[in-house]
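The structures considered in this document are given below.
Both complexes below contain chain A, partnered by chain B and then by chain C.
Let's look at the complex of A and B:
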């Protein structure tokens, strides 16, 4: 990595548990990411999104305040180049498809293994 | 690739060769045409030269003839004209020949000689005078002009005679030369024609070869098409291509016909294909999914994991085919230079696999259940297990009673379902609390069936049949547990006939569990149970379990409420057994909320057990007796407080079967007391159990 140029991607984590945050930070792929914020609900997430202008977002779908799908839609509307990884316990495929159709770039079911997270992040940062 | 390249190159080479040959053929034809023209000219020249050959002698003859006429003083004008004509003729022919001949050198000597002739003949031809002089004195004589003409003639004659042979030879040479030239041209023309014919033959051969090879390719393509068709006809998977508008392409495998019962796939929308087989929401999801395939956002693996049609339960529109089939759809992007060209969809009927997997899972579950049963039992306190089994027995009897109770209207059926739901849910809670997951799972499955019935628009008795079947299975399972428990001697001092010792701990355990569940505090006091005769133990235990449960759930209030009623936090349920003069008396009393007759009436009316009018006419005693009516306890959303109604009708029936009677005394806010009287030597207890 070039030290002179900051080539890391700004990451926003939207999840109401800190566990995901810790696991993402521990992931091998984190060297390319720089955490700029984490939010526990959709409204907070959108506010942080506008303020920090992240390149990558991990997103839980089951949050208070705002539907995660709606949140994805608004983020993509604000910044079409943003890459969003949905990390959610909502296992049903219709939700996953809805999220992808709304602009998400990847989908990871909770619970997940270290490897699954690495692969999902690698695919997201491709 | 190399094969295709070879197929591509060969005709190109042939076409180049063909073009060269055609050019050669064209050149030959043009040259041939020129040669033929030349030949025609040469032949004309030969004819002209041949004709000229007669003139030198003719001229000599005509000159001689004219001289002789002058000698005999005959008329010479005509002969002179003839000579002039011949000379002009020759001159013209010679010029024509010179025009025809392309070799100017050839005629040079002839023209040279002719110029000599003409010079010699010129004075003769230009003669315009009168050759004769007529006089009477003498006969006709030559005039001075005539003498001059005569001398010119003589000169010309001598010149002609002297040159006749040379002139002849020259003309002959020219003729010979021209003939030779024509002959050479003819030979060249023949050669050209032969070459042309050859080139034409080669061209024809190439054309034939091209036609043949094209026919061969077409045959190969036709065969390939037929093989593709054979594959598509024979393969068991359904194959088709989807375009960006979700339309099916013109090629598909025949297996689709079997799967979807139609043949008009070409141009059919994916939505129309699925319509009627799966719910609209599934179709909408599937279409969204297919749209995602056209983008490049998600890779193939992710797309596979979120495939909504990976195991699609399909219900045939045909009402005779009740069993659902399972179809597995797989989608693959077919990409070209411009990205995704279309989506290849394969469909497999996996009904058999699903059934097999289910069977395996069930047998696995069976094995798991056995193990779980054993493990659960070893973990469970034997008394609690025995208590649960008794509770479950009673509960399932109640469930059975609900199922058997007559129902005609939709409201009846729904009432039954609500009762079933409550009972099953309560039992499930207890099974879960004891970690008997096998039982809990079965109860959950039953619950699912019941709630499935609830969501149905119309209900009939038939809808309850699957519930009955499942219930039988659960009863068998519980019997299994009981048997294993007995064999393991886990309940050896609880379950055996001398149940009397164990009754108290069972009641205490049940009460403790209910207290925990309902956030209450309560105590069970048992007295005189040693006196319970063996013959009554089982039946009375069932009654006691029900009554204590009833008291714990509905009688005892939660601590807060108790405090407002100036009672201690801990509720007391006391159960006493005693001999009387003519039999036995079992009393179960709690210091709880009591029974409110108006509430009981209201529930009974709502449940359809009595009418409003009957309720109004009913006194307190009759009202409270309603709680023993079958169907009452099943009603009760708000019967005697929140939660589950308990099968008092079951208790009443048990008591009646023993030949006894049951009474109830209550004071709202104070207490409820059930008193059961059983005569000695009453009916056989077994009949009641």
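Let's look at the complex of A and C:
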């Protein structure tokens, strides 16, 4: 007898904006992802990360308590295989390079359309 | 001091936000120098700027406009906390996008939100404070930019 296999990936959403968290939750790619938590700052995100062991994280950068870059570094140190999509308004190249060097796998600038979000998530899950 | 040509960065950022996030372009009025206290709308999102430039970016809008923006963003919650979230996110996005031109030494704070009967804001001492009028559908809002 075959046991059912859960092929979905666990998703953690990190953003201090509830609107952005809800937009990511509504994403069309969500059928491949299973939401395991949402956090509004880096400290809360790290606590949830340890508790829920996500495979995929969407990460804001400008947040109270601990910024996204530091949070990415700590998450990657805990789980190198985690896939992280940065979703940020910070639009300079240096920040994108720093985020990727810290361990992020993708970068999506705010504001974004539904299509851009879906494409960024699809690229991350490829 | 903020120069007129630098204002273009914020005008373009505002235009982009409405076009992409609210799915309908805004019409931007002629920016003007703020010389007297300015009355704020019901909700305002403020970003403190530090680093190579110092100052503040403030997006202020009436509740009715924010409600329509939320509808266009497929939101179903039009409560106070969502309105607060939206003005903060608009101010954050426009300020963060400005780093494309100003670079990463243009540091921005997380948004601080004001609402209700708030006193008018004064021109920032030592900075040229500009007001950028925003017209979207039948609504009007303002972006205030004061940078030294």
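Throughout what follows, the second predicted complex is superposed on the first by the 123 of 126 C-alpha atoms of A that agree within 3 Å, B and C clash if a C-alpha of one lies under 4 Å from a C-alpha of the other, contacts with A are read in each partner's own complex, and residues count from 1 in each chain.
The rule we apply is simple: a contact is a pair of C-beta atoms (placed from the backbone, for glycine too) under 8 Å apart; a residue touches a chain by one contact, two chains touch by 3 or more.
Not measured: the values here are computed from a predicted model.
The larger set of touched chain A residues comes from C, when the choice is between chain B and chain C. Judged by the touch definition given at the top, the superposed model places A:107 against chain B, while chain C stays out of reach.
Contacts of A:51 after superposition: neither chain B nor chain C is touched.
By the touch criterion stated above, A:123 is placed in contact with chain B alone, chain C being left untouched. Once the two complexes are laid over each other on the shared chain, residue contacts for A:94 go to chain B and to chain C alike.
By the touch criterion defined above, A:20 reaches chain C but does not reach chain B. Overlap of the chain B and chain C interfaces on chain A: residues 94. Chain A makes touch with chain B in their complex at residues 93-94, 96-98, 100-101, 105-107, 123. Touching chain C in their complex are the following residues of chain A: 16-20, 22-23, 26, 62-64, 88-92, 94-95, 109-113. On the chain B side of its complex with chain A, the touching residues are 281-282, 285, 288-289, 291-292, 297-299, 302, 305-308.
The touching residues of chain C, when paired with chain A in their complex, are 16-17, 20-21, 73-75, 81-82, 85-86, 88-89, 92-100, 102-104, 106, 108-110.
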